[in-house]
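In the two complexes below, subunit A is the common chain; its partner is subunit B in one and subunit C in the other.
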Partner chain A sequence: MIASILDGIVFGLQLGLLATGLSLMYGLGGILNLAYGQMAVVSAVVTVFAIDAGLPVPVAAVVGLATGALVGLVLDLTVLRPVYAQRGEARVLLSLLVSLGVALMIDGFLNWRYPLKGLSIRIAGGPVEILGEPMLRGSLVASGITIVAMGALLAFFRFTTLGRAVRSVIEDEQGARLVGIDPRKMLRLILVLSGAIAGLVAITRSMVTPVDVTAGFGITVFALIVTVVGGLGSVAGALAAGIVLGVVNAIAATKIGTFMSLVILLVVAAGTILVRPAGLLGVEE
Partner chain B sequence: MIERFGDASGTSAVGGVEGHAPRSLARLVVPVLGVGVVLSLVPLWLGDSRVMMGIAVVGLTFAAYAIGFNLIFGSTGQLFLCVGALAGIGGYGGAILADVVGLPIVVSVAAATAAASLVGGILSWVAVHRSLGVIFTGIVTLVFALTFENLLLGLGGLTGGESGFFLEAGRDTFLRRQIPPYYLMLGLVLAALVVHGQLRRSRVGWAFRALRDDEVAAELAGVDVARHRILAAVVGSAILGLAGALYAFTEGRISPTTFGFAEVDVVVLVMLAFGGIGSLLGPILGAATFTVIDELLVEVGQLRVFLYGALVIALFLGIPRGVIPTVTDHLRRRRGR
Partner chain C sequence: MLEVAGLSAGYEGGDVLRGIDLRVGDGEAVTVIGSNGAGKTTLFRAIARLLGISAGAVRFDGKDITGLAAHQVARIGLAFVPAERHLFPRMTVYENLVLGAYPARPSPDTMEMVLDLFPRIAERRRQLAGTMSGGEQQMLAIGRALMAEPRLLVLDEPTTGLAPKLAAEAYAALRELHAGGLTVLVAEQQVPLALELCERGYVLDNGVIVKEGSSAELAADPEVRRAYLGVA
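Let's turn to the complex of A and B:
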C-alpha cells in the first residue's frame, strides 16, 4: 500500500506538471491542444537520438527539451495562426480539430519511420529505502527534477514581470492589452513553455518507465483528465489534481487493474465537469 | 426564408452551415435513389472477392456512422466524440445479448440499438441541462468514449478483452455470406439518409438550422433548443448503435479497436469534414472517398496516418465546410450571375 502511494506520488507530480502545460494553453489562448502528448513523444525520440549519437544523457535531455519547445514554437507560427483569427468557442473547436491533425501527423510519421524507438533513461545505483519501501533511484531523481521545475514555474508566475504579464492575460485579456501587454506574444511564450514542459515530463517519465512512440495519445488523455479536474487555466489546480489523481491511479491499479483504474479517473473527470465545470480549483468564467 | 438560411455562409469556424434546405420531396428522393442505385451495383463489380466485399461493408458501416454523427454534430452542433462508443454499445450489446443471454438476433439488435439511443439521449440531456457548450460536450463525450474502451478491456471475462468477442449467433445464416451483408448495410445507409432527409424537410429541420445559426435567436423565436438537441442525439445514436450491431453480426468478431476512438471517431470526423458537415450526402461522399483512399494507401502503412493528419489540417483550415457545400455554393453562385 505504501509502495503504491509512493509510486502514485511520483506519477502524480509528473501528471501535475504535465497538466500545467495543457491548462496554460487553454486558459491563456483558448487552445485545446490534442497534440500535447505527441510533443512529449517527439522530445523523447529526439533525446534517444541524441543519446545514440554519443551525447551524455543530461545534454541529450536538454536537446530533447529544446525540441519540445521548438515544436511549440512551430505550431504557434504555422497551423495555429489561422486558429488565433477565431474567437471564443470557435477558436477552441478549431484548435482541437487542427491539433488532432497534428497529433495524427506526428504519430503516423514516428510509427512509420521509427516504430521501435522508445526512451528509457537508466539512473545508476540501487534502490533507495523510503518509509521502509525500496524506491527506484530513477523515481527519486525524476521527482526531484519535477518538483524543481514546478517550483520554478510557480516562482516564474508569481515573482517575475513576464510571468505576471502572462497571468494578467489569463485573468483579463482586455485589461492586459490596455496596459501594453501583447496577448499574442504571451501565447507564443506559453506554447514554447508547454512544449518544454511536455518534453521534461517525457524525459523524467522515462527514468521510471519507457516512453515509446505510441505513448502520445495516452499522455494527452492523462493531461486532459488532470486539467479538467484541476480546472482549465489553473496552474495550482493542475498540480494539486495531478498528485491526488496519481495516488488514486496507483492504488486502483494495484487493487483492480490498470484498465479499471483509468475508468475511475475518467469518471472523476466527467463528474467534475458536471458538478463544477470550472474544475475543483479553477477560475469561474 | 428557407433560401436565406441556405445562403447564410459560415457563421461558425467549422462546418456550421446546415446546407440548402430541400423542401420538395424530389430533392430528397432523387439523391437518395441515385446513391442507392450506384451503390447497389458495387457487388456486380467486386462481388467475386471476399476481401473487397468486406472492405465495402466497412465503408457502408462508416457511411452510416457518418450520417449519425452528422445528424448530431452537423445539424445541432453537439460535438459527440463517442461515435465509436455508441456504435460499440450496439455491437457489444447485440453480441452479448445474443450469445451470452441467448436472445434471438433481431431482439438483440433492437435492444442494443435502443440502449445506444438511450445513452446518446442521456449524454445530450446532460450536456443541454448543464449548458456544457461545444467544447465541454466534446470533452465529456470523449471521456465517455475512453471509459467505454477501458471497460471493454477491463471486463475481459464478458467482452473477450483485447482479443475480442467472437459471435456464435448468426454464424450459419445469410449474415456471414459474401454478398447479403452488403445489401443489409446499404439498406441501413439509405434508411438513415431518408430519416435525416425527412427531418431536414420538416419543421424539425427548420429548428435545427435556426439553433445552429444562432442558439439565442432560435430560443427567442420559440424553438425548443433543448428538445431538438436531444431528439437529434437520440435519432443519431440509434443509427450509430444499429450500424454497430449489424456490423458485429455480419463480421462475426468485434474488439475494442473495432469501436475505438482513434479507429472510428477520428475517421468519421475526417470523412464528414471532407464531405461537408451538415450536408445530406456529405457522409456518403466522405465515406466512399476515404474507403477508396484507405485501400490505395494500404501499402504505405503507418504513413497513411500521417497523410490523414495533414488532410485534417488542410480540410479544417482550407475548406472548413467540406466539399459538397463548397461546390454547391460555388455552382449556385455561378448560376445566379
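Let's turn to the complex of A and C:
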C-alpha cells in the first residue's frame, strides 16, 4: 500500500505539472490544446536523437525541452492564428479541432518514420529505501526535478511582473489590456512555456517508465482529467489535483487493476465536477 | 491633449455614436453627461480603443491613435477606468496596483501618492481585490490607473453603484488629482458632482452631442436642469 501511494505521488507530481500547461492555455486564451501530449512526445523523440548523437543526457534533455517550447511557438505563429481570430465558444471549439489535426499529423508522422523510438533515461544506482519501501532512483530524481519546476512556476506567477501579467489576463482580459498588457503576447508566452512543461514531464517520466511515440494521446487525456478536476486556469488547482489523482490512480491500479484505473479516475473527475463545477480551485463564472 | 473628430462607432448592427466632436485641453477637466443609453460608455470605450471605430479619428497629443490597440493606448499615457472597473479579483490590492504600472516597475513615489490618496486602499493592501466593497473597488480601479502615471485619466461613471458618501469621496480624490495638474475626462450620470469637478462639459443624447459649454453654462441651462439636475 505504501509503495503504491509513493508511486502515486511520483506520478501525481508529474500529472500536476503536466496539467498546469493545459490549464494555462485554456484559462488564458480559451485554447483547448489536444496536441499537448504530442508536444511532450516530440520533446522525448528529439531528446532520444540528441542522446543518440552523443550528447550527454542532461544536455540532450535541455535540447528536448527547447524543442517542446519551439513547437508551442510554432503552433502560436501558424495554425492557432485563425483560432485567435475567434471569440468565446467558437475559439474553444476551433482550437480543439485544429489541435486535434496537429496531434494526428504528429502521431502519424512519428509512427511512420520512427515507430520504434522511445525515450528511457536510466538513472544510475540502486533503489533507495523510503518509508521502508525500495524506490527507483529514477523516480526520486524525476520527483525532485518536478518539485523544483513546480516551485519555479509558482514563484514565477506570484512574484514576477511577467508572471503577474499572465495571471491578470486569466483574471480579467479587458482589465489587463487597460493596464497595457497585450493578451496575445501573454498567450504566446504560455504556449512556449506549455511546450517546455510538456517536454519536461516527458523527460522526467522517462526516468520511471519508457515514453514512446504512441504516448501522445494518453498524456493529453491524463492532462485533461487533471485540469478539469483542478479547475481550468488554476495553476495551484492543477498541482493539487495531479497529486490526488496520481495517488488514486496508483491505488486503483494495484488494488483493482490497471485496466480499471483510468475509469476510476474519470469517475473521481466526474464526481468532483458534480460537487464543484469549477473544479477544486477553478474560477466560478 | 485629446481630440475626437467626427467619431462614429458602435456594435454589430449599427453605430451608436454619430459624428462626435470633443476636445480636452491640457490640464482641463471635462465631463460628458447623458442619461443611460446615451452612448457615453460606447464613446469612452472607443477612445480607449476597446471598441472599433467606423468613422472619424481619435487624436492624443496630436497623434492619431485610431489604429492603436487598447494596451498600446494605455502605455502612452491615456488611462481608462471603466464603470465595471475590470480589476483582477483574485489578486491582492497590492498586485493590482503593481500591474497598473506595467510594463514598468511601479515607482515608490507613485505608489505612496496613490495610497495617500486612498487610505481605505492602503489598509487593505494584502486583501484580494474581489473581496472589497464597491466603493473600495472603485478607488482601487482609479489607483491602478494612476500607477501608470497617465497624462489623461478617462473615467466612465466612477460613481456607479456607490453610496452618496463614497461617490463624494471618489470625487474629492478626483478634485485633488485635477488640482495637482492631471487632465481628466469623466462621463457621469450624477451631474452635480461632475459639474463641480469639471470646467467644461458636453451633453450626449442618443449618440450625438447636443450641447456643450462651461460647467456654469450647463448648470444654468434649463434643459440640462430639467433632464439631469432634477429641477422642474
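We adopt the following convention: the second predicted complex is superposed on the first by the 283 of 285 C-alpha atoms of A that agree within 3 Å, B and C clash if a C-alpha of one lies under 4 Å from a C-alpha of the other, contacts with A are read in each partner's own complex, and residues count from 1 in each chain.
We take it that a residue touches a chain if its C-beta (ideal position, glycine included) is under 8 Å from a C-beta of that chain, and two chains touch if they have at least 3 such contacts.
These numbers were taken from a predicted model, which means no experiment stands behind them.
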| item | value |
| --- | --- |
| Fit or clash between subunit C and subunit B when superposed on subunit A | fit |
| Subunit B versus subunit C as contact partner of A:Met1, first or second or both or neither | neither |
| Partner chain in contact with A:Val128 - subunit B first, subunit C second, else both or neither | neither |
| Partner chain(s) touched by A:Met260 [first = subunit B, second = subunit C, both, neither] | first |
| Touched partner set for A:Ala165, first subunit B, second subunit C, both or neither | second |
| Subunit B versus subunit C as contact partner of A:Val148, first or second or both or neither | neither |
| Three-chain overlay, vertex subunit A: subunit B-subunit C angle, C-alpha, nearest 10 degrees | 90 |
| Touching partner for A:Val179 - first (subunit B), second (subunit C), both, neither | second |
| Chain touching more of subunit A, residue-wise (subunit B, subunit C) | B |
| Closest Cα approach, subunit C to subunit B, once both complexes are overlaid on chain A (Å) | 13 |
| Footprint overlap on subunit A, comparing subunit B with subunit C | none |
| Interfacial residue positions of subunit A with respect to subunit B in the complex | 32, 79, 82, 86, 89-94, 96-98, 100-109, 111-112, 115, 217, 221, 224-225, 228, 257, 259-260, 262-263, 266-267, 269-270, 273-274, 277 |
| Subunit B residues touching subunit A - in the complex, by the definition given at the top | 12-14, 79, 126, 130, 132-136, 138-140, 142-144, 146-147, 150-151, 153-154, 262, 266, 269, 273, 300-313, 316-317, 320 |
| Residue ranges of subunit C in contact with subunit A within the complex | 48, 50, 69-72, 74-75, 79-82, 85-91, 95, 98-103, 105, 144-145, 147-148 |
| Subunit C-facing residues of subunit A, complex | 161, 164-165, 167-168, 171-172, 174-183, 283 |
